[in-house]
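First chain A sits with chain B, and in the next complex the same chain sits with chain C.
Moving on, here comes the complex of A and B:
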């Protein structure tokens, strides 16, 4: 469990556009052990998807991308590998599930062939040999009558079923790492729970590590061991799931947690939205990116960008208030209940 | 012909004879098009079976008989030519080369155009700019004149026709396929295919091409007609197919000096060519609307 599978060091991804360089991921670092599950949480445009695309180098040949940093996967830097080596990692060592199951399957290819494609490519089996394994996989992810439905096209499946097929494709070669990019966002709530359960079960069965990208803390709580909270392309806080709900340190994490509706609260308890808008990623501002919206920001927050301060094992926060030299504020047990 | 606009704002097609005829053909009688084209294909494959007389057989005693006239050899459905050859038999015999040139030239144009269009649309960037400038250069070149030049310099031959005619159609394929490829490549399933480890050629052949194919098929049907007309034009100008080979275009050309004396020599092959091209277009139109409704 504690052997490191993936280590991301100071990952930066920028897109060159007419309006200048858009820094979509700005200095993200984390590590992931074998079989461990990390949740990356953030609002739209916070760079969580781009950071996962960078892991598979899923940028077009002519996309104007600038990537720096290191993504060490089993001792190899994925950013330095040749495209051919990268192809043998995609799908085999690292599988990926996309957000929208309605558009992520090829509409003119049978679902069986799409699952088989990855097996044929990576294991050298013939399509006929792969077939047996495909049926087994389809059955495992919960497609009824997999034998009969092998030759059906994606349009004859519901959204949830299509996402199950996507999962089957992603885990077809038993990858060591599964990246799930908002796998439940496009599904309705009952199906969401089933897909999450499926991902969690498969992860345990196959001993896969998982990076779960989401904006839903419920998903994180259900499937992950630790969390990375991102805001405006930068990491804000990293901690274990237990710590997240009890001892969240960063004001942004705290603000997000206050937005989770809770049943045990008093009636008429209003949710407190975080005021303001996320900044434009083209403008580089000094200081903490969250400072303009932060309720507890101090002068230094607008001047100097905070480092990731260690708060304990596996817990770090990019907030000046987490600096041990900062004035001590007693961290309340349930910050969202009492700060107001 | 007047348009009657209903309160709902729709144009009343019932009052437009042309539109009405077209909509009847495309909706209820559409099967006539493939049936007619099938018949033409049969003419091309088994000319001996369909031609009532020996095509090109000269018989000076029965020169310039009108349609339905009879001679000791039998009834001449489409009359006879200057040398007494049965025009209907000649038209049947001409189907083979007419269709062969049109289909082969379109096939070559399709392959070239699809390849260029897919590469340009998928890779974008300088590959796209280079290939599209090439396509524009080809479009800007008056290929009909170039064809006349080449064929008059090198001498008319079917081979040169088959090399020159695709130049008329591949830029069209390149542009349409490029646009479609650009649409398809933005789909998540292309990203997903790359994420499962497909190499670029695999992505193009297995994932992009099948999703572009419906548009290509529609275009192929239209362009066969286009190429057929171009070949007829070149043959008409005397730089295309030469006797003793014959195509419909050539028949029109040989009949032209006699238009006032024997109208059928020009009009009947012309009608045959026209109907064939019309059928191709109507069929393409049907494919397109069907594909649109399904998509």
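Moving on, here comes the complex of A and C:
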């Protein structure tokens, strides 16, 4: 279980544009054990999606992309593989579920054939042989009457059902790693909970590792073992989900947790917005990327980019205040301010 | 031209304050192909002055249609809507415009709801011109006051919407809705299109306005945590009908309808109990939403409800009734409400 499946080392992804190089991912490292679930959390533009697309090399063919670093999956560096080798990994060893099932599914192909496609491609079974497995999968992900609905097209399914079909496609070859990019953002709340439950159950049954990309700590709490918080293309904090809600260290993580209304609080309370805007990714600034918006930034924060300081097993924070050489500064406790 | 300056019937010394909105057995029907379906079905509710009513439910539950019916933006099939004591069905032309001055709306998509060719000052001042309120000088003063109220710098007055961020655009939408000093503001998913840190700013602004202004809000959102944060009272809709209604604290601490219980469990909270709650949702709100075009007979929720029985749930539609006869504040539409176990909602 604790054996390493995936190790990402100093991943950088840049896009050359007319405005200059946009550094979309800037020095991300993490490792993932077999069967482990990692949540990557950040606001739009934080680089959480791009860092995962890099893993599948889904934009590796374009010459305006600059990628460096290593993505070691089962001992092989995915960034160094040939496109042919990569094709045998995509969909077979690494499955993916995207946000919008309607644009990811083929509108003119039956859903059964779409699930069968990767089984046929990766296992050498004939479509007829794959059929039995497809029906089994559709049933497992919760499509009622899978035999009858095999030949239906995506448009005749609801949004939640389409996402279930996407999940069936993603896990058809029992991949070792599942990447889920905001898989429930477009869904109704009760359906969202069902899909998250399905992903969590399938992960345990199949022993899959999972990377869950989301902006919502609630999704992380429901499905992940550990979390990586990203801001402006850089990693801010890495820790176990268990620790996240009690012992978050980084001021940005803390800020994100204070942004959302707390359902369990009876009285109306004030939210704490993070003032300011995320920086432009084309401009390289010295120091910590979060410093201009940080309430506890000190002089060094504007001068030197912090390393990921180790705080304990599996817990690291890219904050100068986490450096053990730093003076003991405690992040000011800002109790919820009651407004009624 | 008659301009309704004060709501008829609101004058005098009535001991009970007249509701801002009274929706009485309202249904709204749409044509879908050759069929008609009811997006809102026999809904009754009231909003008191200065009260914030949250309207929650999943897609197709009719919450946005109901809000539009309250502003007479869609025709009602049956039932009546009274806005400030006036029956909307009887109002047309300038009389309708007169009462509409007292009911404004904030939209989900801030960019799409602002005219890109107008300046911020023109946009915020437009309702004053439409309703012929004040003169040029007083309108300019009102616009400036509103911009200050919603936290927009005075220098933005000559800018255009495209020069503003999403959060600033939404502030313009809020200022425009408040400039006529309405008695009611309908907010349809006002923060769901905004990024999380902007969302917190706009929610704080709405909370401040709710507390400081003499205005009632009808607040529509699919995110229950957002609704709870801003509402005094909440109505939960499912396939065109209200299934539960009550004071926000009471309803969220002690949800009684199985659907509300499922919705409350489905709120993804950033804490360590999240996994267990997914089980609860699976149990209380299994399967998919039925199509609103062809809702299930009897209790519309019976197809997803773990407690549904052939009789009475499939056979008869439950009425929205008070949980306790003497306290009519918490109402539930469920035949089996007395037998259904409570859930631990996790609310303090």
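Note that in this section the second predicted complex is superposed on the first by the 323 of 340 C-alpha atoms of A that agree within 3 Å, B and C clash if a C-alpha of one lies under 4 Å from a C-alpha of the other, contacts with A are read in each partner's own complex, and residues count from 1 in each chain.
Note that in this section contacts are C-beta pairs under 8 Å (C-beta built on N, C-alpha and C of every residue); 3 or more make two chains touch, one makes a residue touch a chain.
Given the structure is predicted, the values throughout are model-derived calculations rather than measurements.
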Joint occupancy of chain A by chain B and chain C, clash or fit: fit
Touching partner for A:174 - first (chain B), second (chain C), both, neither: neither
Partner, of chain C and chain B, that touches more residues belonging to chain A: C
Partner chain(s) touched by A:152 [first = chain B, second = chain C, both, neither]: neither
Partner chain(s) touched by A:241 [first = chain B, second = chain C, both, neither]: second
Geometry of the superposed three-chain model: angle at chain A (Cα centres of chain B and chain C, steps of 10 degrees): 80
Touched partner set for A:261, first chain B, second chain C, both or neither: second
Partner chain(s) touched by A:271 [first = chain B, second = chain C, both, neither]: second
Touched partner set for A:193, first chain B, second chain C, both or neither: second
First, second, both or neither for A:217, with chain B first and chain C second: second
First (chain B), second (chain C), both or neither touched by A:106: first
Shortest span in Å between Cα atoms of chain B and of chain C, once chain A is used as the common reference: 13
Chain A residues contacted in one complex by chain B, in the other by chain C: none
List of chain B residues in touch with chain A within their complex: 123-127, 187-189, 191-199, 202, 206-207, 210-211, 213
Chain C-facing residues of chain A, complex: 43-44, 158, 160-161, 188-194, 196-197, 200, 215-223, 241-242, 244-245, 255-257, 259-266, 268-274, 277, 339-340
Interface residues, chain A side, partner chain B - complex: 56, 58, 60-62, 84, 87-92, 95-96, 98-100, 103-109, 117-118, 121-122, 166, 169-170, 172
Contact set on chain C toward chain A in their complex: 58-59, 165, 195-201, 203-204, 207, 211, 222-226, 228-230, 249, 252-253, 262-263, 265-272, 274-275, 277-279, 281-282, 285-286, 288-289, 346-348
